[in-house]
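Presented sequentially are two complexes of chain A, the first with chain B as partner and the second with chain C.
Right after this comes the complex of A and B.
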């Protein structure tokens, strides 16, 4: 335990230890404390969010470059568009047709503005079918939309023509899959409200398919139940497994994966195009389209590609970030862990295919954290239009640039882009393998360091690789150059102490963490409460005095997982309700300090 | 040869299916006294497919038309399917396999016939003699001595000839303590923790009986243990039964140490299930893992109801408790259950892995298994007679050793850099414990092994595992010696199903193999560069 003074500012809670020799400061970002009971943050305006005051001291040009890093126009070009079948449509110029869609949209060449506008009138919130992913090898595509306003019998010629146009844009297949990601019952209930789903009799050559993913309310409750299980104090194995099952969380994850697998198979094996929708086409549709794209396209499994994927399927197509993640005080019934589920699907895939992804688990956790942190502008607002009105790009910074700058932290050392297993489409076993879905301890118990593996294979291998690389470089160099290189290394060591530490250090510093036994007596144990909306150790949450002093202006540069700082971070967000136990971070802090100075 | 009469047919044409991902194998099927062979015809690869008949746990035959199908469920959890031409041949082969796989005699088992090239009989039997360890402890502490009181196995048939006991206790006192403990298993040293000067002991339950008998020599022995550690040292007796069960054991002549009789010792009860419940748990888990048709919710439900992971959790946390008492509290620890040959060994061996960096090395781990399982009298022959598929009613079967391996796997998952051996080693040990060409896990104790002349007539598994070609499979490329204790988390969130074992047949292994290839590549790249490094930065990379 540490004594100190607590300061409350507009954006952070700062805890300053009273010990005169350390005066260590711990900063906790308020936006990461949604479940904190002491202070309830309620902000009504975007302008009060942290990202508008967050200033990493980058100049204007750097900021603009940061926003340019992920470029969707280039992404469509990479897919091979425009081509003979698909064209860029300007129908949504100035958001005239659909205000939750982007302006840059690809549609079949044969779909005229008349057809598009007609179709949009027949779709919820005018979200007409538009291209999400195009497979250049076989011309099959994944398109997305919202539900049709079919009611019990309504038809719309233009909408039927629109689907026809999508089917024809794929000359290799004579039918189109229409995937409704809702449970059939929900879709049928929507018909009473004048919405619903496509009638196979009205649309020529479509194959209609329901995939039962539950709605945002079910998902919110499921997460709540699972987090309650995570917070149980010393649960028995039965309590834990029973609670996990009862929450239904893994069943929902599997449903999303199954939908993604279905679509990926349709595209890669049957060469058929797929139109995906749910109700509004911004939650389940985003999940399913992005999982399918990830399975189909190796590019999305790289660091840069993954950012593009989120930009494309989530940000540009109007996933309602502000509503879903409660960044502003709003309707609590709008909150739901939709993108969290997508990130978990990616993690489950990473567990299955350890060599298929260029990035590691930390990358996913940090993205998840920043969706809630409001430190960067990417995940603000509910649509492209709102972001433009708020001039987000001129007033805030891009997370992608920040992640890209620190990409060494996010690399998966096991990534094998060239292997037959990871090169093309990821093939999952055909049998329903329930055991493949595991509890994501690294995410949902991430502040319980005691529950995590105490040594990181990823960090170790990265260190080994780096060391190998360094050694190789040195071998090649001449004797005089050797000295020079080492000087450079020395400087680098000062700036980023962990990265350049050789492997044995990471072996040892992690094992420092192992030096304290836990409570095995089965006594009641105090667990801090946590939720995924709480912060992470990587960024502006936690800043030590060192970071503030350091020349690095980026406040979130502290991604050092190893340093003792993290141990405070895992307690602070819980509002100090955790009684520091035997595995208190303090010893480790001092060990670490001794070690680093040694 | 006596097997000849059990072999009803020499050979048949057959097709072998080894799982969903592997291609089928066609060829001529033959049965020998110990093996099932499939020779894939002259045009194909010359490789023989070979299965040790002892590995067959259950056999199921089905005939249709003029061919038959035999499903073999193996003790190593693989499931094989043989499609055989001819009804008669199918039935004959099935009967032969049935008869040959259930032979009970030890001295006709395969290890007595196995003569691999490159190994000399008797070579590695002294590879890990426990005496070495005991002598070292005796030398280091001065409070312990090596006793040969059990030279002829008369004190305790399940102990080895040489055991280590407090120096202050003479052999005649040992004999009387042995009579007071179940199976003659008087308290002996299992591990000496040098940093704290404390010791870990194991024994059988005291035979207090309904009259609450006492044995002054036994009390003296435990008093001497505390005195030898440090003046005023305390001790914990970890009883692996519930307090009720321990009390009930008095009715059948067993019992537990009375508080008043053993001053300085405090009793802790931690229920660890053994025997039938453990075996049933294992059977149910394997069944659940083989069922691919269930829904997601049912899967978690079944995982919960088979309770295997609960056993893992309880075992790990009890082992941690024992280790913690020694390292943190500076107390001596005595572990026993009833017989002291099952859960007792689980706890003592795991506590050593947690505390002792040496036992986490390749050689140290083998030594640990030899000392704490084989020589300590874990009845391998009885416990591993059948695995999870057998239809026979379990009598003495229990996967205690598998539970140990699973706990080690969990340790390795939480400390991926701290064990010198990898998952391959644990899998190999599991396989060999149930069916092996080597003699290491034969019989139930050292006495039986002497009678069967196992040491002179069979090869040791440890020499088999030390073959250079095996190393890549068995070693952990990520190993970095860690001089500290490794304290695992025993919370349910941190424990996982050991998929590499329990889903062996159901899951394609390639993705993880591809990953391990990469790990090896990264690590060997480094070793190569290091080897060619001429200058000063070599010091940075040293172990």
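Right after this comes the complex of A and C.
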């Protein structure tokens, strides 16, 4: 028996023993969303969540550094902002205009505070159009907002001006796409409630487009149905395929992908800017913007970039994590696997572009896991404002730092920064092709144990990659060392030519016949050069001693040798990303050796 | 009409196929419109030789090339008549055995369609026109002879046969005992030739139980045969009962023999009406019988037809998964794999020896024995081993390739046709997906085998049985597919292959782990960009090469380094510290 604290999350019950030296954690998974609702009625306050007591034994400084890892100001800078068209707006300082938005927002330069505030009054929850992604190359941008409060006929001059400002911020295009990610029927129904969508007649030069992604309730039910299929003990062919199809899950995934593809194409091929919204602009809009950004921007396909992407499009723009993942006792109808769907879209993309992503499947699964686990503070609260009020950054740890620390586990061995797939835009067919979207075994079947461990091709890749890297490091060390030896030699040669007398070494055997380098190399070739046995080592040693003594004053032979070495070092290792050496012991060795030589 | 290929490009690509000049001749060389189901009509130049139909796009924005061996064609129809109006409504419609259709629009004047139709019909269906199948005209030369790959005596010797309990018999040397079996058979030592003859009278088509594979350690065996001729009256045959008991007794520690009847129970019962049936418990006391519920060739044919309906030309979109389900194709794959797993498990655990049969023992039985052997014996997972497996369990034991594929036969609706072998290859692919390091060959190897299953370029898959092949002197007069493959093995190698002796593979035949072989069934769809070479394989190969290069350069540097150390100016005090360092890298 052990004394401890029980933590409840949406998917896990975590039991942490209080014994100070062990703090053993026991995680029990409740991989069924319905069953947990009953479980965590008692959790009413944020303070009871696990992350507030989770302590990875890091000091304050390390914690703060962890939170600094992902920096959105840096990210906007990386996009090339601010510039002639876009500026950082302080209109939302202290969350004055919109409490679910971040304070740091980019808007068109021509959009005055008056226009922004006016536009915000015409948008659901005052989520006015703001920049999500900016494409340096052609000035096209992706902006996001909530639905306009247009009802059946209402208009708002400032909002119209706002859209014009966005369009004009892209000199390369004379129109702006407005993408409503809802099914048309839903959008029309919203008009009855005084909300709705943009009327093309009122906004000049916009192209309006519906992309039917269903709402959070449909998605929640869909996941529920799919999980039921996953829980079947031994499904028949019909049970499984029919169940999967009836759940509609893959169809929804595809709808999100299609929206992302549409936007990516508009930006990259038509050079047009896009404004995306759904109802409130924090679920479907987040999904679609991040998928499109991922397709467009190679940076987001790296480990760090992906963290930035989630930080930007999800966390800072107020995806309601607390509500969607039921971290606290809330309305069960608010729960929905919105970011799960985004992560799955990424996985589907990884399946189709195996070389394009720096991270692997495990990375996605661990992010998903921690969105539910509440072990880290990143995915707490519904908005930036709430997080600031709760002082999340001072009281919890950042998942990104944790993932970054263990990044070796998350690297995709197939990733190559120089690969054509990795550069530029990922091109996917817009035409429907359902068969490309697969059931994500790794996520939804991860608790099913097969008869024996599956073989993974990736493990092989990782192994060879590591081996190659190690060899590359050895090679570099050796080349470096040779270079140094060479320098030393040149110096000595100079010295020697002054002295005009080769130095003599005593204490070594005097019998020698390997006077010329040619003889010597011929001699060495007969050795099994890669034998690890002690005997060879010894003989190599003896040989060296022989040669050390067998001084060769022939300078021309020496220079031949040098040029040969130079040739070798010219062929610098190509195409390898060199992760900082874990095996620095060897490097140190070689340095020492060089020192000794010198 | 015969003329040398006109365009340089064309002749080049034909040469690429390394078919020697003189063995083919151009029969038709004309402009047609290929009605591409994906990109619409494309004007192209078509060449028809006695081996293939080759079309090259004449439009600048399309690099389309069609290259269709005539053997692949199952049906040629004329579409549109003299009165038909509308663009491209007059021409030919060609149905292929490899899940695609081709449609050509031709000009109405000048009998151009009649010419093309007649030529195609003649050379796609040579049997109906008393012409030889192309394989007999093919004079390709390879530097290895694929016909030598399989030598039954050697293969049985590899398995450790003959031994105390099993003997090799030549009783079927002239195919008198059973005309669809190979000449060389392995039977129980204690069964006399007379016994064999008596048993043969009680087995459908005389296909007596003979050994397919023996476990190297526990000596349990996989035996294959056809159904017993029990009939409605429940006939018995003492020799057959005794014979199965002798098989059981070859392995003394077990007291039961397991019989797997591949068919569904009802089918087996229904077969009694036509004189067939199954081994009943009351008669065969020491045997237990299980049905594996695998459906017959007609069900499989219809299932594949449905697969084609949902993938060609357009992939069914709105209800992809339920459409896929309605084909039942994966369900059949699952049943075949599950059956094979059961066979393999019985044998590898040493629980009992196994007898496998279906009705005639040349379709489902071949699938089950060969898949079980693939799971049990790592030898068959190498390229040559797999060739031997196919050669042995399928070709020599009389899977009716001629009837199932319909080589050179114009009767496209023949009820004997069925994709049994394709289903087997699909199962192999499913296994290779689950065990990516267990097979020496890659996906391309499997697809190449399937392509030449239809192409008629090689003699490998011609005819129904060994006796017919011998009569036609196939090994003397045709080239083996294995010649092509073995002379260029690197193309077909799986870089992840790691040889593991004695490892039994148990694939998971659960729905969640089986998938449609998109790279085969949907390969004509331009959306399936087969990433050739596979990026994962490619990356691995590159890394291996890089590793080898580093090792080589390290060696070179090592030499240079040692040479440097030989310089007198180098400090003499430290060699002992330096050299071990260099050596410990390895």
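Note that in this section the second predicted complex is superposed on the first by the 423 of 598 C-alpha atoms of A that agree within 3 Å, B and C clash if a C-alpha of one lies under 4 Å from a C-alpha of the other, contacts with A are read in each partner's own complex, and residues count from 1 in each chain.
Methods note: a contact is a pair of C-beta atoms (placed from the backbone, for glycine too) under 8 Å apart; a residue touches a chain by one contact, two chains touch by 3 or more.
Nothing here was measured: the structure is a model prediction, and the numbers come from that model.
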First (chain B), second (chain C), both or neither touched by A:235: both
Contacts of A:488 with chain B and chain C, given as first, second, both or neither: second
First (chain B), second (chain C), both or neither touched by A:475: both
Dominant toucher of chain A (residue count), chain B or chain C: C
Chain B versus chain C as contact partner of A:65, first or second or both or neither: neither
First, second, both or neither for A:248, with chain B first and chain C second: first
Partner chain(s) touched by A:73 [first = chain B, second = chain C, both, neither]: neither
Shared chain A contacts, counted only where both chain B and chain C touch the same residue: 234-242, 244-245, 250, 354-355, 413-414, 416, 421, 429, 431-436, 438-439, 441, 445, 448, 450-452, 454-457, 460-461, 464-465, 467-468, 471-472, 474-475, 482, 486, 502-503, 508, 514, 517, 520-521
Chain C residues touching chain A - in the complex, by the definition given at the top: 311, 315-317, 319-322, 324-325, 328, 330-331, 334, 434-438, 496, 506, 508, 510-513, 515-516, 518, 522, 527, 535-536, 539-540, 543-544, 546-547, 550-551, 553-583, 585-586
In the complex, chain A residues that touch chain B: 230, 234-242, 244-245, 248, 250-251, 254, 352-356, 413-414, 416, 419, 421-422, 429, 431-439, 441, 444-445, 448, 450-457, 460-461, 464-465, 467-468, 470-472, 474-475, 482, 486, 502-504, 507-508, 510-512, 514-518, 520-522
Chain A residues within the chain C interface of the complex: 234-242, 244-246, 250, 354-355, 413-414, 416, 421, 429, 431-436, 438-439, 441, 445, 448, 450-452, 454-457, 460-461, 464-465, 467-468, 471-472, 474-475, 478-479, 481-482, 485-486, 488-489, 492-493, 496, 502-503, 505, 508, 514, 517, 520-521, 524-525, 529-532, 536-537, 540-541, 543-545, 547-553, 558, 561, 564-565, 568, 571, 573, 575-576, 586, 589-590, 592-593, 596-598
Residue numbers on chain B that touch chain A, as the complex places them: 20, 289, 292-301, 303-304, 307, 309-310, 312-313, 317-318, 320-321, 323-324, 327-328, 413-418, 478, 480, 482, 484-497, 499, 503, 506-508, 510-512, 514-515, 518-519, 522-523, 525-526, 529-530, 532-535, 537, 540-543
